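Multiple structures are listed underneath, in structure tokens.
Each of the two complexes below includes chain A, the first together with chain B, the second together with chain C.
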Partner chain A sequence: MATVVETVLDEERPDPTSAPAAPDPRGRLARLLASRPDLVITALLVATVVLVQGLNIDNFPTVSDDEGTYLAQAWAIQHGKGLAHYSYWYDHPPLGWVQIAALSWIPALLWHGPLVVMHARVIMLPVSAAGTALVYLVARRIDLPRWAAALAAVVFGLSPLSVTMQREIYLDNFAAVWMLAAFACALSPRRHLWHHIAAGLCAAVAVLSKETMLIAAPALVMAVWRGTDKATRKFSLVGFAIAFATIGAQYLLYAVLKGELFPGPGHNSLIGALQYQLGRGGSGDILKSGSVSNLTLHWWLVRDPLLIYVGTAASLAALAVRRLREIAVAAVLLVAVAMRPNGYLPAMYVIQVIPFFALAIAGTADACVRGLLRLRLGAIGRLGWLGLGRWRLGPRDLVAVLAIGLAGLVAPQWEAGDETADTAYSNNEYVAAANWIRANVPDPAHRRIVVDDAMWLDTVKDGFQPGLGAIWFYKVDLDPAVTRTLPHGWRDLDYVVLTSIIRQDPNGLPTVRAAIAHSTTVATFGSGQQQITIQKVDHSGSGQ
Partner chain B sequence: MISAVIVLCSLMLFAVAVFTLWWMLHAWRTPETLAATKFADPDGTGALSFSLLVPARHEQAVLERTVLRLLESTHPDFEVIVIVGHDDPDTAEVAHRLAARHPEQVFVVTDTHEKKNKPKALNSALPTCRGDVVGVFDAEDQVHPDLLSHVDHAFRDTAADVVQGGVQLINFHSSWYSLRNCLEYFFWFRSRLHLHAAKGFIPLGGNTVFVRTDRLRANDGWDQNCLAEDCDLGVRLSSQGAKVVVAYDSAMVTKEETPDSVLSLFKQRTRWNQGFLQVYRKRDWRSLPSVRQRMLARYTLATPFVQAFSGLLIVVGIAIALLTSVPDVVAMVSFSPLIPMVAMFAFEAVGLHDFGKQYQLTIRPSHYAKLIIGGPFYQLILAGAAIRAVWREMRGRKDWELTRHVGAHLGVEAGTAS
Partner chain C sequence: MTAIDVLSVYAVPQRRAGRLRSALADRLPLIAILLVQCALAYRLANTAFEDEALYAYAGHRELGHLLHGTPVGDTYAGFFSGIPMLYPVVAAVLDDAFGLEGVRAFSLLMMLGATALLWTTTRRLYGKPAAVIGSTLFATSAPTLFLGRLATYDAPSILLLALALWWTVRTAHRSPVLVMVAALPLVLACGVKYASGLYLPTVVLSAVLTVPAAGLSWPRGLLRGFLLAAATGGSAAIGLAVAGPDVRAGLSQTTVNRAAGAEPLVNIVRLSLVWGGWVFVLALVGVGFLLHRRRPWAPALLGALLAGTALLATIYQAHLGTSVSLHKHIGFGLLFAAPVAGAGLAGLSGLPAFRGARPLLRRAVPGVAVGTCGVLAFYAGHAAGPMYEGWPDSSGLVSAMRPLVHPGQDRYLVEEDEVPRYYLRDQSQPQQWLNTYFFQYGDASGHQLTDLPAYRAAIADRYFTLIVLDDGPTAALDKELTTTLRAPGSGYRLLATLPTETSHGEQDFTVWQRG
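On to the complex of A and B.
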């Protein structure tokens, strides 16, 4: 991706032959800024975003079960155990954690402490860096001026919601970056056939990283249309479509080769998983208070209300601006799908929306500024009525005043949000629990411990048998391959690490519940919501 | 072990197919590339003089029409030299009649070689050429009257040594293979040749090709022992650093017809393939200046043989991967060459659409179906021709097998060598 950015920035460089031959008296940085301003701006933006997102990345937010799951699945790939640490059931296409696996040598270099997941978050920094650069690039390619492109990158990378979500190991982060790359390729100024083919390829990788990214595909098709010339459009559109379809078809091919395309007894299947996902109970109406979707929305709003409200408004407004239309359509489609009455809305869904919101906000800001600069202020501009007899208010002054005012409104909000992100410690309980297990559970190779996925890799590192010794709590009741090894039910388990994830799990999980009921607390960390207790299962218990 | 072989072969086939696709689509890379494939508009004045060679053999039925059409050319300074065999009185009679009627512009050269072929015929006429530039046409070619002015301009505008105009088979409706044959020409002249010209290594076409007379004489004309004398000339001139310009304009291409049966297609292709082999073995391409050019030469001359078997190899690879229990990843890799193959089919369909548009021909859904379904069978013919070419070359059989033409693009009957 870096090369894409670089070549593009190359192209936009002014012709060196037109530069004056006389030696330039300015410093090196000034010369670089003058000759390749986009490169310098991008580098500064990326550095800032990486700094803000990288500070305290391990301690905030609280590690989530999903992060652990993806990482565990990446671990399974690395260790040649297939596509998942338990049997792969086509919950998501696997390309997301294939990429995590490919990046996980980075934490291996840095990591020396407990809680694998939080340290592994370092791998998200290159992803955020690429995302920031690509937002800037896409903004430039939809004809936004530099300041607006920089604004888009800032919103994308520095909104407290971004800082929180983009540092977590979510598939959506990968998908969003690939989709941005697809837009950048589609809108390549050279209108090159192979750039459009690359756009189809990136889009396929995006969808295979997180299937919901497909929602933005119609907007991408519009972008390809816009990025092509009439003379070569036929070839470009077909190239784009074929690249997208043939790479996407690899997922089907995988299922077919495994004999897991159609549902059948005794194996997982792609179509079976699809049926499950589509029939899955929704999380309720996003606007109806009390529904799970509404809680999710509320959680987003707590992190950054501005991004959500202004982003939605800007996306709708941007529909009316020609050069923003593709971005606006992508954003509006994603919002519309989130608002469907009884769909399933995961918390990380917002990650896919953020880049389009960021671009729509910056684009709309640019459109407003262009509008303001054309204004004739006439009588209002003469500030005599304010007692400022000699001053005249021009459109530029108006823009400056508004910009300062808006920045003053937003900055404190974001400063507070980002400060929390960069200073809070949310994973102390997990770290303490992991340390306790390492120090206090004897003979881990022959013990069976039930954990959530946030800790699964740690227990494996401690010496528990992956899968059947260190058991992801879902699998105790829901995976026949695991249940089969527990002939005496809860009595075959030794420990349960009780975290809020397990406490709040909506599934029944009778064996896990029974094990907890027949256990004694041997260690407690933290209090309230975040409390983690280690439960030692009392094998002699009589089943209440 | 078997996995490693499958992965290696599949990746190689994948790479070959992607390269082929890359080159096949050269002209449509960017709108600027596409615009650059056209002739620039001429400035009106002709400055060069042309000698147009028309070798004719048993082509009395079409020759007159071709020559008369050449004479309609708007260019102010050219001569037409018809080359006939001493053993072909019918064609000679037509040629002499034309020369008598147009004594200033049409001349006849008689080729007295015992065994006849096209390079010998061309070489017989070379000493008599008076023009600055020699152009070659086949006896059944339909040549546009403005072509010469455009070529003249191209020579002067680009300081070229060689100008290759477009040649297009046009009777796509005649049969299933002629549809594919037409498209092959379309992609070759419309797109691929431009890439070769840009890279400085080009196998020239057999007609609508124009070379500066002094360049040609310095090279002793065409190689009489080569079955692909056109390709060979291109390779030799490229190796000497000659500047070659290719221009394709659907209004100005030379229209031709496909071979009249699968058998003659098969024979024609055998001859070309054998010719490519001969050019490869002559090693003129080794004096190309850059490694990249030499690689391109090596690959281009070997293409008929590589391509012939890639289709078969893909099927074999997948079959082996499915029948033996290799890891899933290996099985998936064995399918990977299908990605560029599918893309190629899709782009061929787009090409067919564009072909129809450029030549105002109606392309029906059934034509697209024929194109796709005919693909594997056409591939088989090519594979067969490739094997036969190698066989003949090994046995030292280097005689010409003529391609019969029925004049499907003209509406007349004729037999002709092309």
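On to the complex of A and C.
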């Protein structure tokens, strides 16, 4: 019997018959690609998406009121002023802008000039990067080959609609990424209980980032079901549910502890907000020409008709493919909710649908390719008649022709859309207006200026008093805390920065409307729809 | 006669028939490519472009002078960018026999010939797969399709350059003296279109590099290059001396010292990418495959030379600051880049990029090449269409003018007079036609006026019988003239407004007749 020492020595002693291992002739990149191909592919995809989305991120698209609102709420958290820059009224769960606040050191590191919102968009690049990597991961976990997973990531990150929407500071972007993380955990090949608990945690964070992400929850439960072993399924499902409920309940708990669960006089409430959201007028039938929802759909189609049409068709087709079913259910549920008659459909809703469309498109493409590769072309494929007897066309060639043909049709359209996103200047008017206010409004600490939220942080930075000096235009008429400080109505206001956002929505805001009516234009920037004017309110009552 | 002799009588034709069949079968891809090129080219249809009309008309005048001694009526050599006695005369002969479509068919034949020569050149350099793909890329590119349907001297120039390139490749293994034969098509190409001279260095350097690329010695290649350069330079010098001062002035004005424009570089690069960018990219891939070969540098250098030639037109036009004729000149570069692009795409498809090359893929996927060529051909068709619809259909205008144009003392002021002058050449004289580019007129007091005052004075004197404006290249002047013509008492009445459409938008011919 060999002793332990002999055994160890034998193991350490080199085998004299075997030649020394030859150095691997491949380069470092080739070796890395061979050993960790998914990592290399993901890194390349993420780099490409970040590059395309990052170029000109500040100048296109035009900054929106919502972006400014979320950023202002993040500012309020950072400065210890509560969950919002005005009273928090449970419009959305706050975890989205908590994340924005956590990431706000990135733009602060890079930039300190005018128009905070447009430069703060750099926050979204790590979010897009994470989203791209997660789409690739989920695709691999639903058994898509590498090329299809890469296709999903490309659709997710490079469609002109994605490039436009994912660079905007929207809560939906955070929610979509967390939901993708939930799917990735649920479909983990290790089928570990903790992964399913993590899926529940991620899903809860997704819903607390944007509540509409709850629509995809049934599909996630299906994914957890599929991702678990029959023997441990009960534990996994319970773990998933408890994790989801524990985190989700924090929102409820917050309202209870603040005494804001139920409606009552003098305070906002969670249930009151829910009642308002459910009772508010919808944006019309998405298929009815002229409705707001239809205009939103039209805007999506202008940016990328292919993603919308092919994504919807692929989602329906993917229902028939077992390994794609959870993704297809998520996409179909989100589409069905968007299509409900007279529902409320904001433009950013599509952000939640894009990852599932991307996965459904890639999955369907993979299913088609698998089908085509099983074809037998027989005599049709022989090239002898063309004098090319050595070669023959097989199913792989058919796939190549179709793939290149489709890529050839899509790529120029996407190139044109992405080029617009990477070269257009849509915020010049806002920048000029912000600069003008900084240079021309004296004593801002004692002035009251009405702005949309896209400029709110800039006016605060210029020295206007947050909330009551720099006033978000909705709050002039709708927030009692602000209205109380305006005993003389519009006469207590000094300036109105009249942007397209305010021009679209003055009807329910009588004080703002009156201030505009009794004001004089002191500066004009741009023309047409994008024009911004600075209106100086004439306290004597005249105006133009 | 023995039985063997008897049998051999029958055996020889059988072998010949077999060889023919085999040769035809071998070239079936080329035949298919040429048919596709014809079909795609004939999708383009329009009336004569002003350059086509100008060259054919000039050819008729030169031919008349040669055959009958009639005055030419203009010094075409002074402003043509090719010798007027070469292509325009051939065009006029063809025009007499077959009309404008015949002249255009000649251009198509030239481009088909260029494709065929490119096929055989590429096959010699890189093998059959590269030849099939390279020829397809060239044949279906937008500039090739456009030039195949344009009766100008670009197509014959390209054929002559292709012929010279083929000969330098064909004779790489043979006596260096033979390469001097290529000087003839090279000099002729430059005579037919002066801008072809831009590509002379490529052909001369190809004569050098094809020798070491074929495994022979560098000194032999250098000798070939020297011989070709000397023969071409000498022939060109003799040609220029014989051609006379007008041709030298034309060469200087239109090509060597052409007036610079102010077109932004970005526009020129962008247009170049649209019309030939992908072929250039594939050519770079081809160079990559050649570099990967890790053999002597000559094949890679030759590939890089051919690929880089695709940039010459862009660089030259960027230097001039104009995109005028860029779409045509890109076609010249594609002739050189297409063989290497063929090698590149063949390599990407897993086919051998060149003889003896190790395929990139374990199993060849010719579908990659088929799909890529198909997509590029699709977009080339889409790009060539707007090029060919870039000028208005003049059939309505010519029909309206035909009953009103007569030989004699009548004067016709037409913004782009080349086109109606060409179509109505049998019922008018050259001096009757005037355009809005330049005009000199002596008024009643004897003052010589030019430009707008000259036109106004002539209109006041009712000098022109017909005036046709279309807001084309001299749109600003047209506006002034229209105001003058509309004024009460101008002596002219609006005879017709003929709407047409080009790829740039709607365009109206307004025809004014002396009242």
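Note that in this section the second predicted complex is superposed on the first by the 502 of 544 C-alpha atoms of A that agree within 3 Å, B and C clash if a C-alpha of one lies under 4 Å from a C-alpha of the other, contacts with A are read in each partner's own complex, and residues count from 1 in each chain.
Simple rule for what comes next: a contact is a pair of C-beta atoms (placed from the backbone, for glycine too) under 8 Å apart; a residue touches a chain by one contact, two chains touch by 3 or more.
Every value quoted in this text rests on a predicted model; they were computed, and no experiment measured them.
When both complexes are overlaid on chain A, the residue A:Phe235 reaches chain B alone and has no touch with chain C. By the touch criterion stated above, A:Pro412 is placed in contact with chain C alone, chain B being left untouched.
Of the two partner chains placed by superposition, only chain C is touched by A:Ile404; chain B is not. Once the two complexes are overlaid on the shared chain, A:Leu393 sits against chain C while remaining clear of chain B. In the superposed model, A:Lys258 makes contact with chain B only, not with chain C.
Under the contact criterion defined above, no residue of chain A touches both chain B in one complex and chain C in the other. Looking at the complex, you find that chain A touches chain C at residues 383, 385-388, 391, 393, 396-405, 407-409, 412. Those residues of chain C that touch chain A in the shared complex are 25-29, 32, 128-129, 132, 351, 363-368, 370-372, 374-376, 378-379. Residues of chain B that touch chain A in their complex: 22, 25, 28-31, 34-35, 328, 331-332, 335, 338-339, 342-343, 346-347, 349-350, 353-354. Partner chain B is touched in their complex by these residues of chain A: 190-194, 229, 231-232, 234-236, 238-239, 241-243, 246-247, 250, 253-254, 257-258.
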